[in-house]
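Worksheet: one structure, shown below.
For reference, chains read A, B, C, D, E and F in written order, and residue numbers begin at 1 within each chain.
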Amino acid sequence: MSKKKSFWFDELSMPEAEQAAKDGKVVIIPCGSIEEHGDHLPLNTDSIQAEYVALGVAKKTGCLVAPPLRYGLCNSTRNFPGTITISFDSLRSIMTDILDDFIRNGFKRLLVITGHAGGSHMTAIRLAAKSVIVKHMNEADRPRIMICSDYDFAFDLRGIEFDDRDSHAGTIETSRVMAIRSDLIKGKGAPNFPNLPRFEVVPDPERCFPSGVMGDPTVASSETGEKINDYVIEQIVKLVKELEQ
Amino acid sequence: MSKKKSFWFDELSMPEAEQAAKDGKVVIIPCGSIEEHGDHLPLNTDSIQAEYVALGVAKKTGCLVAPPLRYGLCNSTRNFPGTITISFDSLRSIMTDILDDFIRNGFKRLLVITGHAGGSHMTAIRLAAKSVIVKHMNEADRPRIMICSDYDFAFDLRGIEFDDRDSHAGTIETSRVMAIRSDLIKGKGAPNFPNLPRFEVVPDPERCFPSGVMGDPTVASSETGEKINDYVIEQIVKLVKELEQ
Amino acid sequence: MSKKKSFWFDELSMPEAEQAAKDGKVVIIPCGSIEEHGDHLPLNTDSIQAEYVALGVAKKTGCLVAPPLRYGLCNSTRNFPGTITISFDSLRSIMTDILDDFIRNGFKRLLVITGHAGGSHMTAIRLAAKSVIVKHMNEADRPRIMICSDYDFAFDLRGIEFDDRDSHAGTIETSRVMAIRSDLIKGKGAPNFPNLPRFEVVPDPERCFPSGVMGDPTVASSETGEKINDYVIEQIVKLVKELEQ
Amino acid sequence: MSKKKSFWFDELSMPEAEQAAKDGKVVIIPCGSIEEHGDHLPLNTDSIQAEYVALGVAKKTGCLVAPPLRYGLCNSTRNFPGTITISFDSLRSIMTDILDDFIRNGFKRLLVITGHAGGSHMTAIRLAAKSVIVKHMNEADRPRIMICSDYDFAFDLRGIEFDDRDSHAGTIETSRVMAIRSDLIKGKGAPNFPNLPRFEVVPDPERCFPSGVMGDPTVASSETGEKINDYVIEQIVKLVKELEQ
Amino acid sequence: MSKKKSFWFDELSMPEAEQAAKDGKVVIIPCGSIEEHGDHLPLNTDSIQAEYVALGVAKKTGCLVAPPLRYGLCNSTRNFPGTITISFDSLRSIMTDILDDFIRNGFKRLLVITGHAGGSHMTAIRLAAKSVIVKHMNEADRPRIMICSDYDFAFDLRGIEFDDRDSHAGTIETSRVMAIRSDLIKGKGAPNFPNLPRFEVVPDPERCFPSGVMGDPTVASSETGEKINDYVIEQIVKLVKELEQ
Amino acid sequence: MSKKKSFWFDELSMPEAEQAAKDGKVVIIPCGSIEEHGDHLPLNTDSIQAEYVALGVAKKTGCLVAPPLRYGLCNSTRNFPGTITISFDSLRSIMTDILDDFIRNGFKRLLVITGHAGGSHMTAIRLAAKSVIVKHMNEADRPRIMICSDYDFAFDLRGIEFDDRDSHAGTIETSRVMAIRSDLIKGKGAPNFPNLPRFEVVPDPERCFPSGVMGDPTVASSETGEKINDYVIEQIVKLVKELEQ
């Protein structure tokens, strides 16, 4: 019989889930993607960062972590090998269902942490949350939903400690994965600072960064990654505490 | 640098994913649910069985396993605490995207293993697969998709070794979870053989089985579970081999 | 001026329909398909069986029969000549409208009898009913909807009097049509017991049974058909009585 | 074994359907509604007129008649007892499927005859036809679709022999039903010449004609109905001949 | 600081808009199209007539005019150069949003004036209005919506002063544009009285009137146009007054 | 007869539009919103800036300007009086139609300039453009679409000449409107630098800035506005030239 308390929501039994709802537990929903991250990082790079952070936050706050949604919407990297993307409508629809059904279950404090942070990916999640929040806005115990990417915080040091243009599969991301799953790293990668079209909507953005990298992964380190991961967890712990009020 | 070969598709790097497509690797997509399974089993019961089987099959065949989709469509258990369900349209839509995008990436042999096997859940996945298969039916290397539930095989022994009515959270399912994650079991459960309405579509089927159990979990055992899991893996290995031809 | 009482709902005038709703009449909605049934049976095979049964039940119970929906969803027979199929979404959408609008008219006891019983066809109807039932579940006089196929009963004798594999256009179906519309039978057909793929979703299932038959029509007889039809009517009369309570 | 040749498409067997497509047979699709037509006419008034005409045309031309779609879209009569209406999207969707699937079967000459002729009902059918025609417009044997209401012709005599405002359940319609199914007539009805709002979109148009009649049914006669029905059939025979060219 | 009172709704500031809603102001929503009108009239022919009329009515009644929606649904002219059309669903969807959001803002008296009056264009707007009206029908201050085309009135003189068949880009329309924006007229056009197929739904209706004209523009005059425009404004003023009651 | 060449696309006649397509003209599509902009600015603030800029660019480059779409998607200001918003799906759908139909007409170089620049508004337009571009990506003369907001450039001076937080209805926006339509300004407004929730999705963001202003409109001036407008035009002229290559 189980003793250890789990942070994963779906490791609970039915009565435990009922109790957790009554206790007003915050639930974190980690989102990722299956997306190329250069030759050196795994396709699950976005997913494992969000899940690592979610579990880190759960350990510090006692909140719960829902099963990750590892299927996300990848726009600029879609045509690279290995990227598996879902449509805007699929993402919006499933996120609407997930958020709404946690609320139906009595979980009124929800936090989405997404490791992938592309523009339309974020909008799909935000529209889902908005529709759910508006639907329940006149209820006595109005639900609350927050949405963040771990990169809302991880990029805080850009322009200070790291190159201002560091991004996808660059120094910060490579460092973070080194700190989380070093066994998944293949080689060092190569620096690349591409210019993506700012205004033109193109069908083949991969032409602008054939290596799939935006930044300099060669200067990444596990220590740096650990420091950033700790910082991100610390920041998101604040969000959970705000939700718990 | 990584040495060990991974069975998880999204642990691959971009070049490894490209190579895997060229090698004609079969990809298994495990699906589960977040669903009450009585007081004694965890909400992820369906998910962990499908994932355990998928990894078991991968180890024996060298095929790859995509990130699980743990959000499924639960009809009769929807109103129990802990069940988080998505809509038919969300499930059909995301499955269509996932199957279609693996094919776009060059993976032409796909196998969905779903631990949840409700009627509309299965139909959503089948319609997704059908639309994808029809879309590509005139291509030179026509893709192939199989869909099964591990319970298509696990129930083979029903009526022989187990009660003919054994089902949701009963002897077979409890045994299987005991063999996979005994740490998630809470107590022994209680036997229950409910009569669900066969023809009437009701809004509150939970009234017919308030304990959330259909079968007798008290006679379950880890050894039984192991035997069934092995048998299921063995059967699905055959499907993969058929896809590899 | 009309004397004879009609069982067809749409033969009523407006005031008669209003009265029937006040009287709490059960309404049966017969569904069929336009689908190949071998060389020997007509395309309306599914439709005429459901309608025959619906009228038979109406005569014994005094309930009403709505206009049949003869357009259904045919999956495995789609590519045979003569099969006219509608999409899952069309079927679900029109059934939702029909069920919901009968309830809006005050008919709170509805029974769908479908002569076609393919998996996605049934799911489309069930999802329609479910959404309607859930929508009205908190009303004082909560509506009730049942869904059955006449084959839920006609197949009861399979494995006893008939081959266990008897199915589409086989002994039972041919016999039933002989008893209903012998003028539409063309020849005797030929026995065929195909193996359809159990797990693979294929774009061309017709390859597995080129004659369009699953069973042995050669041993069919009108007497057998009559007996089965009577039995089916008897069983569905019980459903209507249950709805009338 | 059948001798008599049927005009109903779905009374054919699979090989007969295949032959009919090869023979270039025109297929008529009759559409109706379930709609109040005053106290004196049955709810199937629209349906039986369209089907009577369709069969009449088939007898004179040898074309085929598809199963009727008796579920239509009723806007102004929706709130009267007995009216069962489907949504615009359901009607458009199912008509698109039906037209498209007849064409897929090789029937390239289609004629929809709808007994109900409300504005949005007609637009739904027209949009369905348009999308299907455009989809196939570059094929060698471009399909052709015509859409008419029997009232496109039955109203030709309005303003000449009949009151210019004669319409729903009035002289012409009552006469036609008397000629087709006199057993379904209940009493004589009462004259009513309502003013419906021309520009305002109201939720309760029934307020403007509480008897559900627009015209004078009291002067209807079976002889008149027969004459009109013959005339309508004659006109639609011309359309079929045009399609056959 | 502004002195002059504007008739354009969106020239108001936020507090002025709030006040206008409290004052019960009628809001006119002008709709047009971008559509060929022969060689002699501009693509915005439909738009500028509706907007001219809307402003004329506003000046006489003090009502407000919302920003025009110049994107409409053109069916029979779609394949001519210059026609930019939107789909039925887009038009219905945006009109639903616009009407519903004015009502949410407290504007309960709305009048759509559309310069384009094709059948499916009108149905899209009517269905939008119907769904909005039905949604709010049980509210204390039930909103009211009227829909008209300026051609509902401009064609009143057809068969009297003008050819009965005068229509698209003909005498009336050319005259009206001459009176509104004579600077946009290019030449005189040529008379053309085409026969469009009455029942057949064709993919290329432009074949029936290659000049894009239906009527005789050569006899148009600015004076005629002015007279018609005044008449149309006068008629629509009556609708606004009816809404104001 | 017209002499002056128009920059408005829909002031062209059919043959002129055909010629413009052949000439490879760039078409600008201006988008706005109907949105509160404090007490001092009109609801059409976003629209008139985008249209002013579009015409300015057209005058310098000879490109064409399509009819503005003044209905946009307003998220954070939705609940203020005067804001009329359309849904994400409506905006995406109509923009998809517009872009696709210009391309069908032969206009392969399109530029959307939107005066409103909210996140979901921009994503709706971008997704529309992306779907259109991908649909045509394999055509010989592959179409090109650019999307920008005039605020992509107008905010270049933020943090230099203007407060870093200057935004909605602040110094820059007020100045620009003063330079374009000073007659629409009502008073001076009041400075307001609100903190909107960064992560929480709230149903009532208006609580955070009750005046509807984000910035300091009191230091705005017409001269500043003119300078910024010129700068924006200059920048967008470069985009048009890039499209013309």
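Here is the rule we go by: a residue touches a chain if its C-beta (ideal position, glycine included) is under 8 Å from a C-beta of that chain, and two chains touch if they have at least 3 such contacts.
Just so it is clear, the model here is predicted, and its values are computed rather than measured.
Listed by label, the chains that touch chain A and also chain F number zero.
Taking D-E and C-D together, the pair of chains sharing more C-beta contacts is C-D.
Inter-chain spacing, taken between the CA centroids of chain E and chain F, is 25 Å.
Computed centre separation for the pair chain C/chain F is 56 angstrom, with centres defined by C-alpha atoms.
Counting partner chains per residue, chain D has no residue touching two or more of them.
The touch graph of these protein chains is a ring, one cycle where each chain has exactly two neighbours.
For chain B in complex with chain A, the residues that touch the partner chain are 1-2, 4, 6, 8-18, 21, 32, 34, 36-44, 47, 66-71, 80-87, 89-91, 93-94, 96-98, 101-102, 105-106, 183-187, 212. Interface residues of chain B facing chain C in the complex, by the touch rule stated above, are 75, 88, 119-120, 122-123, 126-127, 129-130, 133-134, 137, 142, 144-148, 152, 198-204, 239.
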